[in-house]
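First chain written, first letter: the chains are A, B, C and D, and each begins at residue 1.
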């Protein structure tokens, strides 16, 4: 990931297999699937942070995507096992950013790099500040991981 | 369509093109797309009936699919222009059925035959009778079409 | 599964989570996703049988869906953990059938029941008999499992 | 579109409706659908240019996406009628860029802005120069449109 010097982030890696439904007639995954995989990465990084996204929505906090960027660097075929690392960074007070790196475990090559930027909104779609419990869970998880890594 | 002798139905035909995102590595459309196309057919037949589905949901009437059946009879490739005929039939008091026939305008062959069965439910998912305004719109549209066809 | 008395079959169970991309505005999974999940089940049951589908295609054996049937019995929401059991049965000489049962591990209720029927075809789409190596792998896996279960 | 001063481009506008399958539980379209709609825009702008993409692939010219960028500016709901304008620009000798602007005809607001960048590759995925017939069709279509607009 590029932003090593951004101070506060949390990483999580998952594995997923390319589904047949995700391929297209070029024989590789269709381009929009990358954004669907990014969502799988965010779901699991938030669970690892102790703030599952399903809980967030029940609490009235929604994180719609406001920007997405994807670079397609290599192929990935049906049934290839991929490894997706998602890094969450807080930006300012009302956004967060998820950086994504997708590696093909078969070829060891980077398949996709990208990111999504998210707003915090309430159920009516109005921008809100991230609630205190969420920010605290985030920093607590980061602190605990640093301890683990020592 | 098979059920010519069922008394009350309403047909509507639309055209759609196979999107690249709908193909898979076999070079034809991926099987689940048929159900997505069936939905396009239902959307337009309901609009033609004067009861757009978006309005129905605003009025608190939802039509979840409770059964689906699809027979795959021929290929359809990226950019092929398809013709989808949807026939709506009321069944008993709390269900309706949509029969679907998808023809490839390039090859003139039937690509897919199938049907979906739908319940009428309210916003909480509880079964309801179809509201009177909906039933009336349905029979009015059928009566008007019969007049047109004379 | 219904066909307990059909003599030759092979079962396999996987878990999957409902992705946000698989939901729709009714707040449950969109109906066509069931067919995409069925494919995940087939991919893993074939791997468990020792005949991964990706290998089958490389060997020139394709298994297009020729018929699909789905009954929708209950809701499943974003992030719900589902358990999908796929049972493979050979039918006659040139078809196989996959029966699917999807249970919500959160509610313990059956979400979806269904099946798909598949033809064996070559790369040109012409019907073929299932190759000997494939049939043998299938019966070998069944025999081994019966030994295990004793 | 931003790049009014880039000299050579070709625009085309299509309409499409948000499908139910394209919504998610937030009640608006799921983020990855934008990339699928961009593809619909490219398919039709290439047809308007006289070089349908399906023909290009038959001639051995493939245009995989190598970069995609999307800004999500507003909601679009099931059945909303959208207007998508795709502008094709050639960049250097082996890439082209498609800029996309998606407007909600119901609210008149911009829903999505974005672009995709494409490589020209052959059937083996190796970079190629755009074939002469393709470049000529492109400039011919631009010249004809300028004549029409006088």
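FYI, a residue touches a chain if its C-beta (ideal position, glycine included) is under 8 Å from a C-beta of that chain, and two chains touch if they have at least 3 such contacts.
Since this is a predicted model, take the numbers as computed values, not measurements.
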| item | value |
| --- | --- |
| Joint neighbours of chain D and chain C, given as chain labels | A, B |
| Farthest chain (mean CA position) relative to chain B | A |
| Whole-Å separation of chain centres (CA-atom averages), chain B against chain D | 29 |
| Residues within chain A bordering two or more other chains | 20-21, 25, 32, 36, 39, 57, 77-78 |
| Contacting residues of chain B [partner chain C, same complex] | 25-26, 28, 31-36, 39, 57, 62, 64-72, 75, 116, 125 |
| Sites on chain A touched by chain B in the complex | 20-21, 23-25, 27, 30, 32, 77-78 |
| Residue numbers on chain A that touch chain C, as the complex places them | 17, 19-21, 36, 39-40, 43, 52-54, 57, 77-79 |
